[in-house]
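Should a chain be cited, it is by its letter among A, B and C, assigned in written order, with residues numbered from 1 in that chain.
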Amino acid sequence: MTIRLSRTGLAADGQGPLAAFVTFVDTVLRGVGQVMLQNNSYAGLLFLAGVFYNSPLFGSAVLLGAATSTATARLLAAEPAQLRAGLFGFNGALVAVALMYFLQPGVLTWAVVIFAAAASSVLMAAMLTLMKVWKAPVLTAPFVFTTLCVFLATARFGRLQSTDQLPTAGLPHAVTVEGVVTGSTVVEGLLSGVAQVFFQASPITGGLFLAGLLVSSRQAGAAALAGSLIGLMVAWGMGAAEPAIRAGAFGFNAALTAIALASVFFRPGVATLAYAVLGAVAATVAYAALSAALAPLGMPALTLPFVVVVWVFVLAAPAFSRLQRVAED
Amino acid sequence: MTIRLSRTGLAADGQGPLAAFVTFVDTVLRGVGQVMLQNNSYAGLLFLAGVFYNSPLFGSAVLLGAATSTATARLLAAEPAQLRAGLFGFNGALVAVALMYFLQPGVLTWAVVIFAAAASSVLMAAMLTLMKVWKAPVLTAPFVFTTLCVFLATARFGRLQSTDQLPTAGLPHAVTVEGVVTGSTVVEGLLSGVAQVFFQASPITGGLFLAGLLVSSRQAGAAALAGSLIGLMVAWGMGAAEPAIRAGAFGFNAALTAIALASVFFRPGVATLAYAVLGAVAATVAYAALSAALAPLGMPALTLPFVVVVWVFVLAAPAFSRLQRVAED
Amino acid sequence: MTIRLSRTGLAADGQGPLAAFVTFVDTVLRGVGQVMLQNNSYAGLLFLAGVFYNSPLFGSAVLLGAATSTATARLLAAEPAQLRAGLFGFNGALVAVALMYFLQPGVLTWAVVIFAAAASSVLMAAMLTLMKVWKAPVLTAPFVFTTLCVFLATARFGRLQSTDQLPTAGLPHAVTVEGVVTGSTVVEGLLSGVAQVFFQASPITGGLFLAGLLVSSRQAGAAALAGSLIGLMVAWGMGAAEPAIRAGAFGFNAALTAIALASVFFRPGVATLAYAVLGAVAATVAYAALSAALAPLGMPALTLPFVVVVWVFVLAAPAFSRLQRVAED
C-alpha cells in the first residue's frame, strides 16, 4: 500500500484494512471540510484544529458526528463518489457539535448524537433526490432539520435536557438599539462570524478556519471574510444588538453565503461579485427574520438563512443571463 | 349483475344503478382501508367496525368523510384506477373523524365536514401531481393540511368551536419525567397506539384494526404492532409522560411508518428491516418535535410525523443500493 | 419613433432613449396590472390611480417598487418576454406598498424598500425555476416571503420600526361572534375586499380597481366582485368579526383566487365555475387559518392564502378531466 498526498488530501492505493482506514479518515476530514463547502481534507483538519482549540469536547463531537454519518452512508451503500467527497460527513459533524452545544452532556445525549448523525445521512440522501430536480445543492439543510427536530423533542422527552444556550421561547417584539459598536466589536465579530459556522464564538478559532479555507481556495477565504464583514456591517447599520454582533451571530450565514455564491457555484466576474454581495446582505436579513420566526419555539436559526438564500440565488440564476453556473460534477 | 368476492373486496359485473352502488360501497371501504395503506375493503370494514365499536358518531363520520371525498373525485372525473383503489377516500375519512373529534358537533360542523372532505380530494389530486416528480406517495398529507386549516380557522370564525380535546396554545418548555410506566401502560399503549390512527384511544379498537391489517397482509399487521412497540419504547426510554404513552400518542405515527417502510414500499430483507426500525424511531422523535412545534398554535401533530418521515425514507432510498423499491403500480 | 396604442398598452417602435423610456413605463404599468394577473398597462394605470386616490404615499411606493424590481431584472438580463409582460414588476409593487404600510417611514425604510423590491426579483426568478417543474404559476409568493422576511427582521433590527398596523404577536385563541353585519358592512366590505389587494381599505379605491379589471377583462372584473362576495358571505356565515368583514379582510384573497381560477388559468365552463367557487371558499378559510397561524409571530397573512389555494387548485387540475387548463404562454 502507498499513501499519496494530493492537492486536496490523502489517497491510499491498494487494498486491505489499512488502506480502507486511511481512505475513511480522509473521507471524514473532507466531511469536516464540506461544512464550509471545501472538498479538501487539509481544510477539514484545520477546521477540526480550530474547534479543538476552543473546546476538546466539541472537537470530539465533530469527529464522532462526521464519522458516524459517513459510516451510516457506507453501510447503506451510498453513491461512492458523493461519499468520498465528504458529502455524507458535514451534516453529521454539525449535528453532533450543535447537540453537544445546546444539550446537557450524558450517556443518553451521546446516544442521541449517534442516532441523529446517522439519521442526517438518510435525510441527506433524501434531499439529494429532492434537489436533483432543480440541480440545486442540498447544503446544510439536513443538519438544520435533524438538529431542530431533536431540540424540539426536548419539550416532550423528560430525559433530554437543553443547556441555557438555547433561547427561551418567547413571542417576537419590537427592539431598540442596544449597546455601542466599537473597533473591538468589529474585529472580534469579524473573526467570530467565521468561527460561528461551528458554533464557536472564538476569534482564534475563526482565524484557524480562515487558514483552512485559504489552504483549499483563496477565493473561499476572501469570500468568508468579506461575507462576515457584510453581515456585521448590515447588522450594525440596521441597529442590531452589540453583543450579538460581537459574538459573530450576524456573520456566519453571510460568510457561508458569500463562499457559496462567490467561490463555489458561479464563474468569477463582476455580475457574480454583485450577486454574492446581494446574497450576503439577504442572508443577514434572513438571519434576523428566521431567528425571530423561531423565537416562539425557542429555537436557534442555525444555518437555515444560508441554506434558504443560496437556494434562492442558485435557482434564480438560470433566468439571469449574466450569471454563469459552474458545471455540475 | 353478479357480485364477485375477490381477495381484496367486492366486484360488481354488469351495469345499472345497483352495480354502481356496490362498486361505490367497495370503493369507500377501500378508502377506509387506505388509511393504513391497505387497498382492501375487508380491512376497511374491520377498521370501520373498530371505530364504530368505540363511538358510533366517529364511525358515521368516517363513512361520511370517505363517501364525500370519493364522490367529489368522481364528480370531477378523477383517474379511475386511483379512484377505485380508494386513494380519494382515506383523507376524507380522516378529515371527518378528526373534525368531529376536535370540534363541537352541530349543523355547521357537519357542513364543514362535508366541505373539508370534498376539499381534501382536491388537495389529494394536487399532491399526486406534486409528488409524481419524485415518484413519492402522498400519504395522509392532504388530511393533515385540510384538518389543521379548519382548526386554525376557529381562531377567526366565532361559530366554529373546538372541544377541549384540542391542546391549548402555549410556548414549548422543558419537561421532567412524569408518571411511572407499568405493565398495563405497555399493553394498553401498544394497542391504543394502533387505534390512535383513527383518534380512538381504545385497546379493543386497536385489536380490531390489527385484525383488519392481518386480513389484508400479515406483514402489515406485524409491522403495525412492532411500530407501535418501538414508538412506546423510545418514548419510555426518553422520559415521555406516562399518560401520553398509555394513550398510544407515541405509537400511531411509528406504526404507520413501520407499515409503510416494512410492508408497502420496499422488498423484504435485512436492509429493509433495519431501515424500517430506524424509520419508526425517527417517527417517534418527529412526533415529539412536531407536536412541540405546533404547541404555540394549539394544534395537534396528527399523522404529519409519519408523512414527513416516510417521505424522507422513500426519497433517500435511491441513494442506498441495499434497498429495493417495490415497483410502482 | 412612433408610439402605438395596442389593446393592452403602449408599444414604442424604433430605438433611442425615448423609446426605451416609453417601453419601460409601459412595462412598469403592466407590472402594476399583474398584481391582479392582468398583462395590461391600462389596468395598471387604473390600479395606480386607485392607490393614489387613497394615499399619494402608497401610490408613490407602488411606482417605486414596480420600477425598482423591473430595473433589477433588466440589469441581470432576465428573459425579455417575461420582463415585458410585467412579471418582474408586481412583486416589487406589492413589497413597496406593504413595507410603507406596516413600517414607519424614514430614509432607512425607503432604502429597505428599494433593497427588498430588488430582492423580490431574484426570488421571482428562483420561483419561476422552482414552479416550472409543475408548470404552475409563481403568483405573489415572492412578495409574501420578501415582505414577511423584512417584517420579522424588525424584531432584531433596532432601527427598523413597525407601525401599529402590524398585528401584535399573540397566541391564537377561541373567539365569539363580534359585531352585527348590516347592509353597509356588505357594500363596504364588497368593494374594500377588492381594494385590500393593495392594502387600501377604501371602497372607492376598490371601485377604481374594478374599473381597471373591466378594461382588461370583463370575466376578471366579474370574478373579482363575485370572489369578494363569496369571501364576505363565508366569513359572515362562519361568525367572523364584523369590523374585519367591513374592512374587506376576508375578501381580497377570495377575489384574487376567483380571478385566477375563473378567468386566467382554465377555459370557461360549468366545471370551471364550480371549481372557482370552491376555490374562493377555500381561500377564505385559508385566510382565517393562515392569519391565525401567523398570530404568534405578529405577522399578517398578506396574499399567502390566495397563493396556496391557487397552487393547490392548479396542481390538482390534471387529475380532473372536466377541467381544461388554458395553454401556457
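Just so it is clear, contacts are C-beta pairs under 8 Å (C-beta built on N, C-alpha and C of every residue); 3 or more make two chains touch, one makes a residue touch a chain.
For each chain, UniProt lists the protein as follows: A, B, C = Urea transporter.
Here the structure is a predicted model, which is why all the values come from computation and not from measurement.
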{"item": "Angle, in degrees to the nearest 5, of the Cα rotation that carries subunit B (Urea transporter) onto subunit C (Urea transporter)", "value": "120"}
{"item": "Type of subunit A (Urea transporter):subunit B (Urea transporter) copy interface by residue overlap (half), same or different", "value": "different"}
{"item": "Centroid spacing, where centroids are CA-atom means, of subunit A (Urea transporter) and subunit B (Urea transporter) in whole angstrom", "value": "36"}
{"item": "Touching two or more other chains - residue numbers and ranges from subunit B (Urea transporter)", "value": "133, 171, 296"}
{"item": "Complex interface listing, subunit C (Urea transporter) residues touching subunit B (Urea transporter)", "value": "133-134, 171-178, 235, 237-241, 244, 271, 275, 278, 281-282, 285-293, 295-296, 311-323"}
{"item": "Subunit B (Urea transporter) residues touching subunit C (Urea transporter) - in the complex, by the definition given at the top", "value": "76-79, 82, 108, 115, 118-119, 122-130, 133, 148-162, 169-171, 296-298"}
